[in-house]
Amino acid sequence: MAPPKAFYAIIAGVGSGTGRSLALRFAKAYPVVLLARSPSSYADIVSEIKQQGGEALGVSADTSDPAAVASAFETIRAEMEGSRGLGLAAAVYNVGAGFGIKPFLETTASDLDASLNSNPRGLFNFAQSTLPSLLTSVPTSPHPPSLLITGATASVRGSARFGAFAAGKFAVRALGQSLAREFGPRGVHVAHVVVDGVIDIPRMSGFDVNGGVEDGKISPDAIAESYWHLHTQHRSSFTQELDLRPYVEKF
Amino acid sequence: MAPPKAFYAIIAGVGSGTGRSLALRFAKAYPVVLLARSPSSYADIVSEIKQQGGEALGVSADTSDPAAVASAFETIRAEMEGSRGLGLAAAVYNVGAGFGIKPFLETTASDLDASLNSNPRGLFNFAQSTLPSLLTSVPTSPHPPSLLITGATASVRGSARFGAFAAGKFAVRALGQSLAREFGPRGVHVAHVVVDGVIDIPRMSGFDVNGGVEDGKISPDAIAESYWHLHTQHRSSFTQELDLRPYVEKF
Amino acid sequence: MAPPKAFYAIIAGVGSGTGRSLALRFAKAYPVVLLARSPSSYADIVSEIKQQGGEALGVSADTSDPAAVASAFETIRAEMEGSRGLGLAAAVYNVGAGFGIKPFLETTASDLDASLNSNPRGLFNFAQSTLPSLLTSVPTSPHPPSLLITGATASVRGSARFGAFAAGKFAVRALGQSLAREFGPRGVHVAHVVVDGVIDIPRMSGFDVNGGVEDGKISPDAIAESYWHLHTQHRSSFTQELDLRPYVEKF
Amino acid sequence: MAPPKAFYAIIAGVGSGTGRSLALRFAKAYPVVLLARSPSSYADIVSEIKQQGGEALGVSADTSDPAAVASAFETIRAEMEGSRGLGLAAAVYNVGAGFGIKPFLETTASDLDASLNSNPRGLFNFAQSTLPSLLTSVPTSPHPPSLLITGATASVRGSARFGAFAAGKFAVRALGQSLAREFGPRGVHVAHVVVDGVIDIPRMSGFDVNGGVEDGKISPDAIAESYWHLHTQHRSSFTQELDLRPYVEKF
């Protein structure tokens, strides 16, 4: 197979927030595949990208389900790599489910599973499916092929009553570090982003943070710019981890 | 119910190594319950403790199975707390399964599950069953009731090809931190021990580390002394995390 | 005084490596002041920037000397802020002296002082002189005024025989964190960059790292791009710390 | 010279708090040398130890002054090692000066120097003087000869307005890590203790922390027990770092 000369990107976990901004940002440079559990999460973004002259394909899959992920990627590869000969330039794991705050003795095994499913298991399935394509793109991709992972405060801190969520997020960070160390030397850039603050999305509009001060919530477009920067870093100068937080955030 | 005046300890994950030393150490002060998947793991240690004049009860359960853990703890509480009126002074989670080193693309979903099962899920089940008893012991226990958790190098570092194992170990550390922050103020001491090195147990006798130098592997009895120290720390001076490694270990 | 409408940048610690790349990168957007102990460190870079149509001013000062720094900044402020009405948009502390590897018992008090002088003391003097100007620029600067600090592997790890150097680098990181927490809420972006690898500069050309593989040393121009990205981050999404290392670097 | 068969300990930084408790604890096992800037800091403790049947020698020196430290150690070695043939079993660096909370722009170069002097410089001088003696004791000491270092919250966190203090404390931690990695393999145990909370000493009696709850301040005797545990750890199982905080402390 000839090495790819043109490239696409995949964003897993799109909705109204960071995922949408990531999709729009990467769509400026690549056709993008949007992965979410249901079309209601990606349909509007696909339209928005097309209206702006970009290319987008929505695919439904629950990333915590290995069979569903495998089947989705068969479709994606057939469509993007097979028919069109594109290479995968960037894969972003931005799945955010599993969040919850509960006293530990009220937390259930299924709360823990929800976090483990959408976090380490989902990333595991996603990485299994995307890394072979990313490796294929190494020789010809204009930027180092990238696997970019969204973390949270709970990736680095197990706060009281955040146990189940933090377990999932720490596990994602562990897996991301391990992949960075294994696939970095093969040319794939694996980076983890600790998003430390409330994101400024419609769902959070009633949630008053940092005293309601302007820019006290994180702009999802600003997050997307940092992911784009990570993707375009030269291979001699990879970032493995960075944090993002509002200027007024306590940390 | 009258507050307990005498106390017992539970060690989950006993076998030939650290678990055995922990059981022997805590048996100097308390009757101990040994939890393992099968009697072959605890039978000899139970005998050893009895020969030394201590009390020990072996109970079989797979800590990753919520129903099995719940049922085991019904037995344990009936026996130790109900009939004998003992309070739980210390619960040690030392389950070590899930270890594996594999290139990521050869790692399977069931490798990941093995790590998540014995690590965060097992600790979750164990903590759900022991924390209520530990809380009950707070007012009368001679030392702060303790939940002590065994970690590894992979608790703080996701090395190449250790992804599945590190995911489980990072998750355990997250959960331990969260429990420390929630239950510390209620008087329960939750601590996490990063065991960074090869343990000097029969199974490792052929494994030459640190150039084969004397004491280049960690003595499990020495580990047990540090757990005992953690258990006996005054509540004004709790350690949440410490590392243990041979003097010659690279780190 | 009217708020500034045009802006300049300062780079402390210029020479043949990262400092030169930083100066060239920031000179694409701003007049730049280059600070170094002697003109031989900045003269060529000043010329290079001018040839490319940029503006550059070299100033000599030893950043570890409070009086020298104060005097240099009097000159700088008179020239850039007083006469020309510019505001300070970015101040980069990239002073790299104090490096040394020695067995501890051969390390002298003056080795330690060399590290403390060029690291925490130098940053302290630089920050004292630049923060008031950065604060003044907050309301009108196109990007959040930024204090960007160069760290190293030794900022986060005290390796054997690196004690004096690591002491200085850890101290810089501490001060940077503290400044980020104090001045972030006032609109100034303070970030710290952990440069983890050998930089690809003439002085290192004979130093074979990572098996001599292509891009096994960090491109200083790539470093400068990440600093520029930090400077241009939206204030709702500041990075406090990121690492930079070659794709093949062990970590 | 014959290898030592009996041993002594040194505590630098004694006064009314942790240093006193450390001195009393180590005096149960060894003759102790107490180092402080003036006799008023150690005189009462020397008496207290003697009344309890222990041996104590007070020596005045400012640890930040290399010449003063060298001269003090000439006296100490002549007295303890020369005349009496003792070996050094434990050296504790517990010097606590340099604390201060100030807005950065009100912090002076001499505030920073106070922190650098009592922290990295003091530890440097102390370690230069004690490590040769500790190395000599390795073959015959009943416990691994130990260099134990007191840290604080500011050793791992640069809080707003704590810049100068954190710079000093981070630097101490760096040096401690480096010494652990260099001298551990030679048999000397170097450990760092992050004391995260207010210590329950007379000077702090009016300082209401953690809602004034019982044991909301750290008992200095409890701290001393953990140092003693560190000192007695088997060399196959050294702790490099642990934290100590009240059960009710937020972290």
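For clarity, chains are labelled A, B, C and D in written order, and residue numbers in each chain start from 1.
Convention: contacts are C-beta pairs under 8 Å (C-beta built on N, C-alpha and C of every residue); 3 or more make two chains touch, one makes a residue touch a chain.
Labels paired with UniProt names: A, B, C, D = Glucose 1-dehydrogenase.
Note that the coordinates shown come from a computational prediction; the quantities given were computed from them, not determined experimentally.
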(message) Strictly by the touch rule at the top, which chains does subunit A (Glucose 1-dehydrogenase) share as contacts with subunit B (Glucose 1-dehydrogenase)?
(response) none
(request) With centres defined as the mean of C-alpha atoms, identify the chain lying farthest from subunit A (Glucose 1-dehydrogenase). (result) D
(request) Measure off the straight-line distance from the CA centroid of subunit A (Glucose 1-dehydrogenase) to the CA centroid of subunit C (Glucose 1-dehydrogenase), and report it in whole Å. (result) 31
(message) So the centre of each chain is just the mean of its C-alpha atoms; given that, what is the distance between subunit A (Glucose 1-dehydrogenase) and subunit D (Glucose 1-dehydrogenase) in Å?
(response) 46
(message) Quick check: what residues of subunit C (Glucose 1-dehydrogenase) touch more than one other chain, meaning two or more?
(response) 181
(message) What's the contact topology between the chains, one of line, ring, star, complete, other?
(response) ring
(message) How do the chains pair up in terms of touching? List each pair.
(response) A-B, A-C, B-D, C-D
(message) Help me check something: in the complex, which residues belonging to subunit A (Glucose 1-dehydrogenase) touch subunit B (Glucose 1-dehydrogenase)?
(response) 66, 103-105, 107, 109, 112, 116, 120-121, 124-125, 127-128, 131-132, 154, 157-164, 166-183
(message) Give the list of subunit B (Glucose 1-dehydrogenase) residues in touch with subunit D (Glucose 1-dehydrogenase) in this complex.
(response) 144, 181, 184-185, 187, 189, 200, 215-219, 221-223, 225-226, 229, 233-249, 251
